[in-house]
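There are two complexes below, and they share chain A, which is joined by chain B in the first and by chain C in the second.
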Partner chain A sequence: MAEKPAASRAPPRAQTPETVVALLAALLVTVLLLVFGSPNPARALRAFFLGPFSNRYYFGNMLDGAGLLLIAGLGVSAAFRAGVFNLGGDGQIYIAGLVAAVVCLALPQAPALIGIVLALVAAVAVGMLLAGVCGLFKYLWGTDELITSFLISAAIVPSVSYLIVGPLRNQQSNLLTTERIAEHFRLLRLLPPSNLNLALLFALLLAPLAYFLLYHTVRGYELRITGLNREFARYGGIAIGAYTAMPMAISGGLHGLSGAFAVLGTHHAAIQGFTIGLGWNAIAVALIGRNHPLLIIPAALIFAYMEAGAKAAMLHTEFSFELGAIIQAVIFFMITAQVALPRLWLRPRGRSTAA
Partner chain B sequence: MTQTPWLQLRGITTYFAENNVTANDAVDLDIACGSVHALVGENGAGKSTLMHVLSGYISAGAGRIEVDGKPVQIRSPADALAHGIVMVHQHPPYVPGFRVWENIVLGMERTGRAGLLDRRAAADMVTACASRYGISVDPHARMNRLAASQIHFVALLGALLRGPRLLILDEPTAPCTEPEVALMFALLRSLQAQGTSIILITHKLGEVMQVADRVTVMRNGAVVATTAVAETTAPRIAELMIGEDCQIGDFDRRLVQALAGDGHAAGATGLHSRPPRALPTGRDSTLELHKVSVYVGALAVLDNINITAQAGEVLGVTGIRENGLEFLEDVLSGSIAPDRGVVLLDGKPVKRYSPRHFRHIGISYIPTDRILRGASMDSTVAENLILLQRKELQTGGVLRRKDITAFTEELKRRYGITGVLHQPMKRLSGGNIQKVILSRELSGLRKVVVFSEPSWGLDLRSRDLMYSEMRALRDEGALVVLISADIDEVLSLADRIAVMYRGRIAGILEAEDRTRERIGEFMLGFQEHNITAAGERTNG
Partner chain C sequence: MIFNAVEIMTPILLAALGGLFAELAGVLNIALEGLILAGAFAGILAGAASGSLVVGMLAGALAGGLLAAVFTFFSIRLRANIFITGLAVNLLAAGSIPFISTWMFGTKGVLRFPDLPRLPRLLEGVTSGVGFIDSLLFGHSATVYLAWLLVPLALVALYRTPFGLRLRAVGAREDSVIIAGVDAVAYRRIAVLISGVAAGLAGAAISLRLGVYLPNISAGRGWIALVAIYLGYRHPIGILIAALLFGFTESLAGAAQGLLAIPGTVLLGLPYAITVVAMITYSALRARGQRRRRFMDAHF
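Up next, the complex of A and B:
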């Protein structure tokens, strides 16, 4: 039996320790890396643990990163929950970011609200299209959505990079970036000089909404049942075809939204590689949060904190490794290992009540 | 046969905090060398839990286990195996895509040169063991292609290869046909002769009387009695199971009486009366299979089936399961479309062959495969219960929590489901899972109800309740199809009995000519040629 979150109102307690163990293991490996890899371990540790809280800039950026992770993480779980897998999040976020930027750049005179809404709609639509197509192919011909979404994304990433450094490049900038979007399209900054903006509040509203849809509506029920047992869902008269394409499209749409906010809120332009890795980190976040919309909130915060801490440690010491990437890899490894090898941490006590 | 106890359990107590159930309450049990020890009790009595403790799948909260007089610690199935204790589960777990031999050697793989799995040796070992015990199974078949009874035999084979001193079998005969039951019992006797002890969990008292030396009766997590089988009777055991200390009500008395004669006649108690339900279409529905054939490759697994069933009757379909019962189940539930022929409801061909459409037109269905098809094991009990009522329990797409609680509590109470509604389905025992499925499928109004092997794993009380529900459905004008390889069950419930042989209807028996012997003859194909005419008679 797959170790999946049980569909009860309260998230099951028995499974939480495993996630905590995985996170602690990741933290331990990180600390060991800092202690043995840095010429000044004390400073590195201090920067890692306290850096994200040391000033408004770091703190705000951490929360901003958590917001984007939260939206994308909800996107990952939307597909996971229905038993389909969207591995193309990275490409979907990246192209959606570019699309949002292009919409804003094409309509510099448009009123703020119209421009923002158009950019968001276009970005969500492109994400839905890219992922939804994979779901549709699975429904029509049984192609593996895990492979198609990954491959499409793998082709999208260099194509978007080409557009940013080529035809759409801002020649005046030293960065490989498009031009910056007009001021009135930029979302309100909440904690200047950091990047924190309104997108975080939006993300925090989105999670309970997702929870409500998943646990309190018939469609959410049907989606979860389909994800847990397709044969049972079919037997019960649920239109399982719809729950193949639809969750993929929703997943892609949420990734697209995350990409749009990265432009409208965080960077104000599409920069080469500016969201790369976000899609993969979102998978880790969804797994830490056990695909539960409300648990994904703390999961995104924890992940963003560790990421920000790693960045701070790198900036404040002569730490030479790509520490951030290593920490992400460690967390990813620990979490996925724990998902792939369930029940190794804890002995199953009281697994079944007897006949 | 009974010598000094080889294995002793003392004060085994298992408490499940999450649903506040004490599944085993200070249980003592002695197992002698080379004895067949039956363990009986109703669903939820704690039999499987006790055996899971003994075989290392769960750990007991308290108590001790002694082998040969020495205390042992059993913390995992590997620990249990080290003491020669092996359990074959009620629903044996397996890897679906694996071949039979791969499944069997999993965990005891022998490696040849360069650390590679010695495939041929493994397959040969399996073949040798199978032929030694007279089990016929292709070691290279894929697990997911096997029938339920074959999966059981494969699991048994795996257990035998591990050379058990104590073999624990959890309802091993539930999915078996009669010849398979005979094979199983012969096997148990030869094991016993070799000195292997066997613990047999079962609901069938006939089996207890037939093969067991001793019997332990459990109720509410405690042992109520252990006696030699020779010194007791089936009615006495039934009494102990149901409880003599509490007042035996009218129902229980009749149940015990019925049991004494035949376990399957229990439905005759006719209790659990309920207000009659009005059916949407009255008494005029008919369900007809017209020239239905299903092919697997070139083989006709259903071959030109013609049957008509009327509202207000129980049509029994029996035979050896592999002779087409599974495919008939799939066609009748819309799970597969026939390659030829049509299914007609009320004289009209069904529009689509999908479970969704079949449910839409009023066909309810209790499947043989409860774990994969009949339930979502990772969903909660409540979520399993509302599957068919989800549209009635919502307003504007939002589920009404209060109504769901009321609805599910009502089903739980009426069917005596033991378990907590917001817990995952996988925490329930096999019998309780079936109760959840039954209560769900029988809630609401249905024209047609298809039961397939509905009584596997059910205890006497639940079986009785189900049988009276089935009769009540019929009396209210529903059309009931009962697909069951259990001849006695079909005999006691069905108004007419269709017997399948090699994908064909070998005969349809009306009230006057139904006997076990006649059915047996049709099942085994003795009368195939004479009877074709009878099969077509119903077709008009």
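Up next, the complex of A and C:
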């Protein structure tokens, strides 16, 4: 990597059979863990599969989670599509959420529209900045954006937590949280008492927009070609330098947007660790959706369902640990693996050159 | 301070030396973090169960190796994207250890093992008369000397054996190697397995020294090791120096914490911040050097 600064990675891709296999494997592992880990397997399984549909509250929260995942997933795929990796999504979402909350708390008297727009702009800007610099360093000096984006994010997360539980903490609350933002900044709830809000509609509009930009504009075409084959793109006269920093910045911006909606729409405050894990889930969503803006919509819904199910299973039984990381791990192992049986058996053993 | 730096450096050095094999074979092993975590957990469990630190270290190495085998099965055998599967390894370690811990001990938090023997210190009382050399060389945990021993070992293995030559060739000129009849895939798998074993040792070194297992005990050392490989110019001696530098900065930061009253939470991010600054500086300097060389080649 340090030897070849200009090189980019092939975007991680999944084919349909792999996607199905990965999802089934994740489902199977979840079921096995619930059966063997829970004191009451039947209840846990029932909660996992039916919990998200059991009432308006769970159902709405699931859809709300899908909206945030959709936006962040689009962000992940914006980088993947250009052959760059943004592994800092978790930190970008978290700090953007805090920034959105701080903007709203700093301007409690501002008109609703101005406050919301300012919060969104600030959150997107901070996300763009954090991911964009990684792209810029890659462009200038060949610094591996995969590592820098992860490290910057990992360095930031504890500081954001510190600000939330320290200087910005709401002393009246038992939760480790900032003050709640003013009523008029909160996005309209669509399915009370759940957290579902206007952000989902926004996310659903964003996906076709991303599709249009990626597949029906010159820049989108250039970005896709650069991601597929940098040398070919350069030979074809595409200014490939632009497609290192720009996709990273877009990716960070979308992560920032999702962090802002987590505050304006879902939680109305920045809570310690409230978005942690969303960045990694978004990578899984982008891969399930094969980095295609429109396919990311069902991918986000499927993943949100599994997440909500896991949460319900934990609430309903004494099953007290996070299934999330394990579900992600299974999906990450399987989703780009070439497990389609004919290929596995027809290929001569140990002779594949691609690694 | 120097003494501490050497102790802090050790797991980074162990993991980075192993990671160097993968790196030279052309694999950027971003799974080091998860491999360390697995080694730390398995190492202290086996160490406490058997009452033997050697068994603990071996178990750590075995756990790292096994997880690396899973990693290579998906990334190399099934040709899955190596970065995505690397993340999977990290997530699997971070996600399954609390599960196993809850299942075995009823808690996913701190695990204490009072019966675990203490890691012996070697060359205690030996002195050269110079304080700085003493704290650099003598009286350290046994794992420190293990890590030092592996530096010349890696050097010989990589640069003085046919195995090392082929392994490096796989990373540098894969096509020519395949034409020469070398099984590039096998070398790459072995390289990743070596990095897994070394990272497992690094993990066991961390947990056995502390005598407790804490959640997220690896604390970013896998990523630091990854960066140390580059800062060390992908060479064992360079990696030794880079790891020592990281050790120094971390022990300095630990000392500064008391003086400057930096909140503990913020400090958790510090190793990552130091690492990313080091990495960016390194690549910027390197890029400038390359540009100057190209200029000289072109004009003189």
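In the analysis below, the second predicted complex is superposed on the first by the 311 of 355 C-alpha atoms of A that agree within 3 Å, B and C clash if a C-alpha of one lies under 4 Å from a C-alpha of the other, contacts with A are read in each partner's own complex, and residues count from 1 in each chain.
In this text, a contact is a pair of C-beta atoms (placed from the backbone, for glycine too) under 8 Å apart; a residue touches a chain by one contact, two chains touch by 3 or more.
Fair warning: this is a prediction, and the values are worked out from it, not measured in the lab.
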item	value
First (chain B), second (chain C), both or neither touched by A:326	second
A:283 touches, of chain B and chain C: first, second, both or neither?	second
Dominant toucher of chain A (residue count), chain B or chain C	C
Touching partner for A:239 - first (chain B), second (chain C), both, neither	first
Which superposed partner A:161 touches (first chain B, second chain C, both, neither)	second
Contacts of A:228 with chain B and chain C, given as first, second, both or neither	first
Common ground on chain A, meaning residues reached by chain C in one complex and by chain B in the other	1-2, 9-10, 12, 350-355
Complex contact set, residues of chain A against chain B	1-2, 4, 6-10, 12, 14, 216-219, 221-222, 224-225, 228-229, 231-239, 347-355
Residue ranges of chain A touching chain C (in the complex, touch as defined)	1-2, 5, 9-10, 12-13, 33, 37, 85, 87, 137, 140-144, 146-148, 150-152, 154-159, 161-162, 165-166, 280, 283, 287, 320-326, 328-339, 344, 350-355
Residues on chain B engaged by chain A in the complex (per definition of touch)	14-19, 21, 23-24, 43-52, 57-59, 75-76, 90, 170-171, 201, 333, 335, 354-356, 359-360, 365, 367, 372-380, 383, 386-388, 390-391, 394, 397-399, 401, 418-419, 422-424, 426-432, 457
Sites on chain C touched by chain A in the complex	26-28, 30, 70, 74-85, 87-89, 91-92, 94-96, 98-99, 102-103, 108, 174, 178, 183-186, 188, 220, 223, 226-227, 230, 234, 263, 265-270, 272-273, 275-276, 279-280, 283-284, 286-287
